[in-house]
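Chain naming follows the written order as A, B, C and D, and within any one chain the residues start at number 1.
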Amino acid sequence: MELLLLLAVPITGAALLGILGAHRRAPELNAAFSLATLLAAGALAARVIRHGDLLLGAEQFYIDPFNVFLVALTAFVGLTTALFSRPYMRVELEHGRVTPGRLRLYHAMYQLFMFTMLLALTTNNMGLMWVAMEGATLSTVLLVTLYRTPESLEAGWKYFILCGVGIAQALFGTILLYVAAGKVLGAQGMTALLWTHLDAVKSQLEPTVLALAFVFLLIGYGTKVGLVPLHSWLPDAHAEGPTPISAVLSGLLLNVALYAVVRSKVLVEGALHSRLPSMMLMGFGLLSVVLASLLLWRQRDIKRLFAYSSIEHMGIATFAFGMGGPMANFAALLHMTVHSLTKSSIFFTAGHAAQKAGTQLMEQIRGLITLSPTVGWGLMLGSLAILGVPPFGVFASEFLILTTAMHAQPWATPILLGALAVAFAGIFSKVQPMVFGETSGRRLPHPPALLPVFAHLAIVLMLGLYIPPYLAEWYRAAAHLIGGP
Amino acid sequence: MTHLTLGQQLLDSCAALLLLLSFAMLSQRRVVTLVNLYAVQGAVLTAATLLLAWRTGEGHLYLSAALTLGLKVAFLPWLLHRLIRRLGVYWDTEPLLNVSGTMLVGLVIVVFAFALAQPITLLASTATRSAVGIAVSVVLLAFLMMITRRKAMSQVVGFLSMENGVFFGAMSASYGMPMVVELGVALDVLVGVLVLGVFFFQIRERFESLDLHHLEALKEHE
Amino acid sequence: MLLVGCVALLLGWTAIGLAGLLRPRSVVLSGRVLFPLGALLGFALAVLAGASLLGGGIERLVLPLGLPGLPAHLRLDPLSSAFLVLLGAASGGISLFAGGYFRAGEGAAPGLLCLQYHLFLASMGLVLLADDAYSFLVAWEAMALSSYFLVTTQHRLAEIRRAGFLYLLMAHVGAICLLLAFGVLQGGSGLFTFAAMRAAHLSPGWAAAAFLLALLGFGAKAGLVPLHVWLPEAHPAAPSPVSALMSGVMLKTAVYGVLRVGLDLLGHPVWWWGLAPLALGLLTIVYGALFAAVQTDMKRLLAYSSVENIGIAFTGVGLTMVFAGSGMPVVAALALLATLYHCLNHSFMKSLLFLGTGAVLHATGERNLGRLGGLMHRMPWVAWLTLVGTLAIAGLPPLNGFVSEWLLLQSFLFTDGLPHALVNLLIPMGAALVALGAALAGYVMVKFYGIIFLGQPREASLVHAHDCGWLERIGLLWLALGCVLLGLFPLQVIGALGAVTAELVGAVVPQASPHWWLLAPVPGRPVSYGPVVFLTATLAVVLMTVLIVRLTYRQRVRRAPAWDCGFGALTARMQDTAEGFGQPIRHIFQPFFEIERELPAPADRAPRYRIAIAERIWKLLYEPLVRAVERLANTVARVQQGRISVYLLYSFATLLVLLAVAMAS
Amino acid sequence: MSAIEWITQVLEVALALAAAPVFLGWLNQCRAWLQNRRAPSLWLPYRNLRKLFHKEAVIAENASPLFRIAPYVVFGAMALAAGIIPSMGTQLPLVVSADAIALVGLFAAARMFMTLAAMDVGTAFGTLGARREMMVGFLAEPALLMVIFVASMLSSSTALPVITRNLASGHLGLSPGLAFSAVAFVLVLLAENARIPVDNPATHLELTMIHEAMVLEYSARHLALIEWAAQLKLFNYVCIGFALFLPWGVARAQIGPLGLLVAIPALAAKLAAAGAGLALIETVSAKMRVMRIPEFLASAFLFAVLGLLVHVLLGA
């Protein structure tokens, strides 16, 4: 019931907003649908907490601690982003950057995007997951090009082609998985793609085929995670679309993609009896962290800067999943959560800052703290949080990851240390002048929605100081599911 | 080596035909021809699916074949042709790597693909063992084609051809995917092409051309 | 019980800070109510911690905060008590001063400053109480963060933003090093409490790695050369009470950290670990003193002097570890005492000096020594109280600075008993460097005091300078009193610190003399120092001289214009400038400095002389580092070159490579 | 502590106060002889002091109280130092409270007050002198400390009487480390007491003067105190030299009137010799440029450190 609601609400919303999306009250409607989704997600989470794992819809849907927390997170950030986009998109409309028609597209696609992500998270069918992931790309590609600027078109094209090609590899990987499973499970048809069944027999699956399948899946979903060197579309797409979309792309879609990678890893590692997938994840993770933190130094566009920071943080999480084990998995899950909350809140403030300055170029954004103290403090605290400064939650996860790495993979720690230092210098040297100093900017016709920003930061702060026991249990259960050495 | 039945022989020739078509696409510079080749590829795929359906008696494969026929032989080529006419893009410019070079690389890739397919082939339950290698080849060759082309349209055809390869892989290795998934995949491809159509118009409206070199502004390196 | 009290006081600080937000623009609320209240809490903390120190017991507390499975562990043991006393006592004086110092209309709102300031205090307290890696690091970075915001109060100035950035960057890099150090210390147990780390058995290699990482992390915070570069930028940038707090208290938390890791968590140190802090400490002493001597900005001068003093503390830490590792616990205890004592002293005297410069800055708006002078007449309170700090930090008996240097030199005397031939040859050289540093400190302080307070005003506007308010005076008075008392009653202080040495090196320095006024800490050696007697004797002799001269002398004193060898009209421009006063040092130690001179030509109509001194370390270490990263970033940027074909090629190549790897394995 | 010890203590200070000017007079006399000049009276320093004490004091208008306090502090410090150095006996009550390091600290305190007072009026010469004085100080002070350190290591104590007693007992002989230290000490002595080749107390040339530049603004009783303090300082330094390198004759252990009877003539003899020696050094060497002083002192520091090294290498 909850699951049905969870999936039905956004798709109904998409349909309805497809018609009414240009209405004066459409932003509120959008937020209302997101709220309903969140309520459904909350109910589902409550049910999972009470009754444990759920298998629903003829085994097509499977809810366990791993995905239900992502579902809740997705619905929550979906709501806050919808709240943020309310004044933001109105300002864009008044500045003439979007037309009512495009606003309709935006609202409809926003809900559709939510639907695809929730579907990808909740489905038990690896094939269906692939379909949903591709759907997520398709629903957002036109949002990236919403402004129709040359840059946004270019970004959209790259997004579409690179993710499309990537995801095609994932399909091939899924097929290989199916082939391998068909041999064991015997049955033609449905069960051979169901994750629960695959998980049950994973140790009997043919290792070589699974290794190949994993490579295809990793390339496919890894492209969407933005793992270096498959990341090339990410900074473009995240920077050129409307800010709410940047927020959900960075905050949510990357998580969902990483979720898919991790699900695949669990299966494959179970079959392989070797650390190959782990090594690959660690390699990708490190490469992403290093490359992204170096590229942070060259950024001039505020959203592009934080897009690279997303690559870096996905790299850290991927590295942690690669290390495996209860502690690292726990930390990686925590990292996904706090990154998603922090990064979306940063995009909110960055969006407002860019609107105020009339540009996304950082050198022209100055003195936010004087112009609008809340936006300034939001950006400052958000950036510090994402840089892993305690007492914010990102620090908690990085603490666990680095200390675990120091024992489990000591060779990687100097690299991480260097990269984190470089990233800190890269981001903070650019954020500080934007927040401090003499100001330049204008007042906006609509007051910015900063509740989402501070709500996110408050949660991140809380997670740094205190993780509620049920949440910790949740993470632990999920970390146990993912397994590792 | 056991004696091959007629069905197997036919299937193998279908596979060989697919590979041949892939190479043809790799070398082809005329966009219209490229789309036609894609349509032919779709047709061969349909034939192969039908053959499999007939041999195994799997009902849902007929549906698959119908879907392939409708989508890949009829609708998509029609749509692409329409786009080509509307947008006026008939020729691709000189590819980034010359044809003979591309072919040579393609050859190496085919060898690699066959090596790769070895373990999968051992596992494949069907009688179409060599086909898996060809499916992998088709995917990788389409990839190569996308890399070497400069026009958005050719890249799209490459993308679609890659999807064909994946589909053929599914078919040859395990008689296709479950129906839900297959429908979903088809839907995605359809929506994807529609989105692309919209995209083309946006790009052309902005740049008055579909040449990809307009889309190289976002970068880190000056 | 005491621990609960301490935690309550830290929470009290936090509450005071938050109360500042009630009326953020109100100077009366923040300045006259909240800051003095914070000072009271500071004194209370000092009393509580002092009681714990004298009791010598250990208290533990676990709070349900932090990571799951790792609640916040707190622990009050002699070591943390000693540093808490330092924090409470020094911050009390500073807070009183700050109450009068922060005014409306200068940068950030007073209420916001009040919040940041008290959070800074509370986080420093938490650093000292934390008993697990996570809460330690959280407190550690909260400390850096709150002080960062305090440093950038005047964020409209580009140099202050730069200082803030540099500060936070170094702090963060240091924190990551610490994080890794704790990662090693946990020894794979996954337990991050300090108790678990004490119990963990590390292989020698890993233990050394942990210590070096910790040294790097704490050294970055302390300002150990070459990680000190942020310090002379950040300290002058901050408002003076904050500079005082950073220099006087925050730097000491780094010493605390090294002691905690090196002597407590790692258990028994290997003797050669001590060589690293020893060598770096000695280098830092000389380096800091030399650069202090050539500064022209009074707060920068003090900042470099802090670098020097941190060097002394780290030298002490190094000696302690060398002795402790060589099985000489009593001598190790002596060196440790010197370290702790020096930390305590420095927190008083450097706070006093920074606050003095704050008062000068407020009265004149000038930080540049070249535009000050003669303030003794206009600000007698500040001038005389600062004189106490000046003499103390120059290491003159019978003030406090001398006591710790005396103890340190005494422990150096034992180095020839070390069982390692080469080390035993080299370490006594360290004593020479310590002596050189102490002498240079005298040079620096004469320059500092003489140019600011003595002579004639170098600018006309200085005539309008006014003395500081009563709250500020109380704050200064307290700190000056601390300098005197710490100098006069070392025995009592050392007695209280005995619990710390017992905890860390397992020995107490015996008191060889039965007298309360005589410090005779060196076992088996007839060495003693009695500051009270010393002072009494000095005073007696001086008073007697005055008396005799007064009695015999009949002539009156006449005031006249300065003679100056009869050169006639004397102007303030004829006095030595800060640059001039630093000239001998510049000349003698030329290779140390990066000097940029602008000399006037002989025919110049408006001759101008300008000299800028920079640290070579920028050119030698940091700039190449930054350039290397930039070059690397540029190289890497080629990857992202805009063409979709190339991007596809990346994916393709990655796919092929991974497939090959998967097949091969 | 017996009364006799206290008497010795007071006697030491009194003797130093009395003998310091005459020692300077003696030095000047020797120098004059060596330079073929007619020597001034041995008592000239006394007459000078007396003259100064009876003049009217003129103080600059903008001088602060620090300016007036400084002479007393400096004089007091030097007088106290005379009480710490075992020039006649080693059983000094005050010494328990102040060892050699404190002695160096005391000298530093005097120097610091002197330089601060010199900067107080704000004249060009005052600050110039202060700067040069500190330059000499920061190099000479560690050298002196190192010299003392070597001796301290030999006797495992930084208390001067202990060192003297130890050395005087003779069982150590002349350690090679001490030889280096002695050289260093002589250099330090010359520099610290404004003697040629570092400074020339007889001239007022702005290019070279150090000590004189600092005291230009002083007159009458203040100047008298400062001059007297300077003479005391020289006396003290020479006595430190005796304590460290020529400890013979100093009354050791159970001190009695008899001990003093030996000690005083011994001291007088040593002083006479030292005065002559210093005069010789001053005669044969020339005043050097100010900027050469650091090199001179650096070599002193180096000698001292070398002494330490030699001691550790050979002595331990």
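FYI, a residue touches a chain if its C-beta (ideal position, glycine included) is under 8 Å from a C-beta of that chain, and two chains touch if they have at least 3 such contacts.
Here the structure is a predicted model, which means the values were calculated and not measured.
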- request: Between A-B and B-C, name the chain pair that shares the greater number of C-beta pairs in contact.
  value: A-B
Field: Gap in Å, rounded to a whole number, between the CA centres of chain B and chain A
entry: 31
Query: With chain centres defined as C-alpha means, what is the inter-centre distance between chain A and chain D in Å?
result: 77
Query: How many angstrom between the C-alpha centroids of chain C and chain B?
result: 69
- request: Please work out the Cα centroid separation of chain C and chain D, and write it as a whole number of Å.
  value: 35
- prompt: Could you say which residues in chain B touch two or more other chains, in rising order?
  reply: 116, 119, 143, 146, 155, 215-218, 220
- prompt: For chain D, which residues are shared contacts with two or more other chains?
  reply: none
- line: So chain C residues touching two or more other chains come to 634, 636-637, 639-640, 644, 648, 651, 655, 659, 663
Field: Touching pairs among all chains present in the structure
entry: A-B, A-C, B-C, C-D
Query: Within the complex, which stretch of chain C touches chain A?
result: 64-69, 133-134, 137-138, 140-142, 144-145, 152, 155-156, 158, 161, 164-165, 168-169, 172-173, 176-177, 179-180, 182-184, 186-188, 190, 192, 629-630, 632-634, 636-637, 639-640, 644, 647-648, 650-651, 654-655, 658-659, 661-663, 665
Message: Which residues of chain B touch chain A once you look at their complex with the stated criterion?
response: 58, 116, 119-120, 123-125, 136, 139, 143, 146, 152, 155, 159, 162-163, 166, 169-170, 173-175, 177-178, 180-181, 184-185, 187-188, 191-192, 195-196, 198-199, 202-203, 205-207, 214-218, 220
Message: Under the stated contact criterion, what part of chain D meets chain C in this complex?
response: 53-62, 64, 66, 72-73, 75-77, 79-80, 83, 94, 96-99, 101-102, 105-106, 108-109, 111-112, 115-116, 119-128, 130-132, 134-135, 137-139, 141-142, 145-146, 149, 152-153, 156-159, 162, 204, 206, 216-217, 220-221, 225, 291, 294, 298, 301, 304-305, 308-309, 312-313, 316
Message: Could you list, by residue number, the parts of chain A that touch chain B in their complex?
response: 60, 125, 127-128, 130-131, 134-135, 138, 141-142, 145, 148-151, 153-158, 160-161, 164-165, 168-169, 171-172, 174-176, 178-180, 182-183, 188-190, 192-193, 206, 208-209, 212, 235-236, 239-240, 295, 298
Statement: chain A contacts chain C in the complex at 157-158, 161-162, 165-166, 169, 208, 211-212, 214-216, 218-219, 223, 229-230, 232-233, 235, 274, 276, 280, 291, 294-295, 297-298, 327, 369, 384, 387-391, 395-396, 398-400, 402-408, 413, 417, 420-422, 424-425, 428-429, 432-433, 436-438, 464-467, 469, 472, 475-476
